[in-house]
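Notes follow the structure.
Just so it is clear, A, B, C and D label the chains in written order, and each chain counts residues from 1 on its own.
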């Protein structure tokens, strides 16, 4: 039987954005398909959101920023949704408090699906079917809405994973686990020359978020980057060497967190009969030592690097290296249905591919704080709140993960989370001075 | 159309306990009937529980205390439920943490209904249908289980009310509001002589909780008790007179709570267009000044009494008075379907009924801390945890409320909650020294 | 060398209240004498107060309630002190926040001593030296002020003990430890008949707080009371039997506290080389198994009693028994200079003294919540806030302790603290039903 | 009368480091001189430390890192101080918990002064007087100790200011307020060309912290920097324009902090009779609109810049500009005795000095997160904990303040605090893209 997610992949050849809109909307619902109304109701922690909320909020985005301002006499599905499904846009008006998203049992899940259909129909009838009326600004907002929804696809999977991990009955999101033949690749460092280089997005044909622009010069000292991300096996060695018990390996805030939260292993790891298991979207399984480590915080990534006598790359180093490497074809993204990192595939050729898995499997923490690029200008109005106002106390992650939609990945992409966050598929690749 | 709750009343003539078991089990499901899987999933605050949990836990009670120990080769529905639906019985073993009851999306609501049917069938086949094998101890446990489930029926309604009050869309549990003709009764104080009296349960034929026993002597000074509970209108006068702004009216801990929580009115009251409304199970409605006040804490009851130049009754005074009055026939309990307090009904005769509404509409806070009666002995084993271990920092409420099952009410009943609790249908009746 | 506290005892023969005023004021300063300005500055937890604050607040009491309202043209020492040293009297106006008492470095300790002298002089010149002008009301307020200051004397010693216990250098308040010859008394239960008895204060000649009145009837079932308080040795046996690890022994709130606070022994107990030591005002010493246990919470007292197959007495039972026993002559109070509980003294005669140590060594937790007596009326005005507003979520302790001034002890005295409080010299005496 | 701080300035001509050691040690004590034992005891918030602790910890630094490892048979003043006055060096062993520094009344202030003398004597006899035995490593540690103590001098003044601000009696640290003639300088932006520049410390003759190294290349776009820091008057205009009420001006975390903490003005500002005053080390005074704003958080600096249509400089931009400007002669540092920012002095010549007050008055927030320079290597051992482990969730401040010792200021200096910190003399200078 084929995965409901794999099926989406087959449609990937269609290229027009009306098709992409429809495809992304369906992909979101495909992710929610295995879930019950109860599953979709719960907010398992303040950082997470109910699946039902994700389904509604991504529709709200199109309604609020495209339909309501541009469609004459547009009638909202329910006017109360303007407040109820506003995430954080102060310029849009009031918003329902974030930690209380799980308290809204009504509208029901089925009503939210009706909301989605209403929005899809409205987009189809009034916007998509009159291309002549499309201004570049509307076009850009639709692109933004599509990319926004892709971000929420990833969050839906990390949020449902967290929810299921809270249940002592350990429910399984997807029982099937696709088989993949993997290769043994020896770890080593690849040296890069650095110098005055450019990073940032400049391709006016492809979408990028405002925070990836403008393209600009940075000066890099020569550096080396590991050809592979750190693996589950590497991290077990760190634990066995007392990694979680030695404050000298940790940032001060990181050690505070270790003590306060009682961390002794990555998120979702559990001791079972003396061996480490990890909770996945396929259930609880023994760790596979060859797969990239995931669900570690910036603090753990940094402590591991210190223990290993290395350091984290900056985001400039990472992007510069990724630009040289180019893109792999068999990356492990959402559409693979693996929903978990995996070792390099068999048949991976070394040429040009010295740097494995830059764009998939796990997001890679960088040492760079999330900050505006020189000359950064947020968009005017509410949409300007999308990225800029979060540029404080977060670290940039680069690449993409096994639950990122494939078309959402690019080398200039800047993901960001607070240094203590662990519920994303976050891992680490080491760097070194030359 | 008749209320699903009213229908239960018609069956009230059946008297054997197998019938009562079935009736109580059905009544629980009737309360949940208007609710969706989403409604039943949510724990809206740590003090509340999901409806799904109530449905499961009341079944767990029969499984754990009757079926598992007494039925040879009993196979539990699912062994994991022993931990998952244990509320607070340490002697039963581990228990799922109370504040995390809302995180369990699976088992689903329908699986919990299957669990209920499994338990009902097991009770029917193995216990109820072999009366010869019934020891007095098992009989007593079944009675306890029935009464336990009735307690949860009331909690289900107060918990769902709280949940719906958190939703800005203000969902309605039951749209219909039964009409009742009410009488105007003038408020006054009734004097009672006191002396050396007896309180507590002694009727070996009727069920009572262990905390109502043993019957014992107490000495009462002469006192007076109000013929009516304090009303919504009375409480509005208290607010208008600055009741929530004058620390001298409050217990020290009560004033702390007023400041910390920003209380300026009873729970569920909201200002709408300059007038007070209150959120009910029928939606948001203007307050009715003649109905008993509800959803006030002990602190508010006590502050109101001080403002009114009166005091709260002790539980001994209350029970002594209630014993003299006897029972009303037209009380407003769960089965009335009103789900809200109401003024005295038209046709209420004054004789013998000078003390109105002692047993219905709202639980009445007393000044008595919840403490063991002289000679109190909790039952041995896990069942002994039912009442005794909560005898600290709680106050006793007496009577019964508009969401208490009628057969659950009696004059010796001791309800108890912490002094800051407001989400029950809790009100107050004034007392005075003579 | 004699204790500075013992010296105060010699003056105890003077009987007029001007003398008593002076004596009490000096006793307060004698307690502070061994302390440095630094010692007197610190508030070691929100429940405690700086010694400097105690010194000032007890003076504020006389200034606010006696001097300011009654002395024509009274000039306050510093007008800002009205707010700064108000403890909790809302009717007096604003007050400095309780948790911030330790932030006031200025006025200095020496300025507070000057304040004390100013108040003493003002009391001497204007009030004490014109007895003719003394109304009964002023007289009563002076009595209240004296008793109020005695309460703070005890608090000063418990607060400084807590402060010193926080210091890893374990400072010593009083190095000398008076030697006392002790007797071996076998523990047993004394039976009392109960019946309709009277408790509460009625002696119009002697001072009592408003909460001890009015004297009133209560009905007691026959009961038995232990002849001795529970000892350090008894409590060690409870610990050795897993007392802190068995939830079935504890009230629900008590067990929560054990888990949250990690309690595994009474306050101030520490394991040293495998044996239990306790921190005292004389430093860290091995526990003496024959002395009454102290620094236990109500929760621990209650759990111990359950473990021992007994219960706590009610305050009515305790007072009834204490009234029969009468007063001992060699009790261990503040003036003994022991500052720690002690076993019964050698030469203690059994006759009439079957109940040992009712009034000294440690306050004894009762099962009674702190509540108003029937007919209780707080004094009008700010003084009415002294006791009544604290009648919620506290338990009554009876007797007196090794740091209570001797003249402050009486059988009707009602001390009260929340059930989790441990920093007072609180212990327990067991009771039983007959 | 001359300031005790000014006197220190006169000795500034002595140049050898033995002299500087003595001078710095005396300067620390001069700062504490106006303070009582009570003043020196208190920790007014977890971020602050008692003055007594500062006096001890700066001595502990020399004892732990120089005397104990290098002096044969060194006898510590008191062995317990090794733990008691360890701030955060895990490699040194245990440490007293930071939030409990205010609970240590003993040792007394005078004993801490004795400790200082003991350390000074030991340094003099064993280290300073045997220059031949001085290794470069010891020499470097002494330099570090001197600079460390200068950092604590600044902290002592900011901590005592915070403490006094908590006292409703508003104590004054230094009554005298030196008069300074000021000039009116028109605000404008100065353009700088940027390009590939170098920042960081490289002078092997002068001391710098490890975090200022290595010197390295960065690429700067052309930018403009304000010739003056933002003033009290500027900030009042921001407030008057609703600055604290408009979420669109704030970073998301900043707005959270505004709401949570109720910020409506910079720290220490208070409304008095309708006008803004600010609490200073000279007491409460009306704000002077021409002086640089201080005691603002990064969040407020950033919001102000957004409101003003500008941005914060990066630390690279700032240092590059400061290097061009060079140093002013009449800067307002600790030794001026002003202890508060001040407008540019009369007689300030414009040439070369277009950028006023870069190095004094207030620390200037930059948009740069505190991060390691490329190639940064912390020192081995405990000293390596000095800087590196704090490189997370902090922003860099540049320049120096009115309470920074003059010899401690340099253009490569990197100060850092969390973005919500306000109790330092922190202000802001605007930047712009060209």
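Of note:
Operating definition for what follows: contacts are C-beta pairs under 8 Å (C-beta built on N, C-alpha and C of every residue); 3 or more make two chains touch, one makes a residue touch a chain.
Not measured: the values here are computed from a predicted model.
Contact with subunit A and subunit D alike is made by no chain in this entry. Separating the CA-averaged centres of subunit A and subunit C is a span of 60 Å.
The geometric centre of subunit C is 47 Å away from that of subunit D, both derived from CA atoms. Separation between the centroids of subunit B and subunit C, computed from CA atoms only, is 39 Å. In terms of which chains touch, the assembly is arranged as a closed ring, every chain touching its two neighbours and no others. The set of touching chain pairs reads A-B, A-D, B-C, C-D, using the touch definition from the header. The residues of subunit C lying in touch with subunit D in their complex are 36-42, 44, 52, 80, 83-84, 96, 100, 102-109, 163, 166-169, 171. Looking at the complex, you find that subunit C touches subunit B at residues 88, 90-91, 196, 216-221, 247-248, 250-255, 298-299, 311, 367-369, 371-372, 374-375, 385, 389-393, 419, 433.
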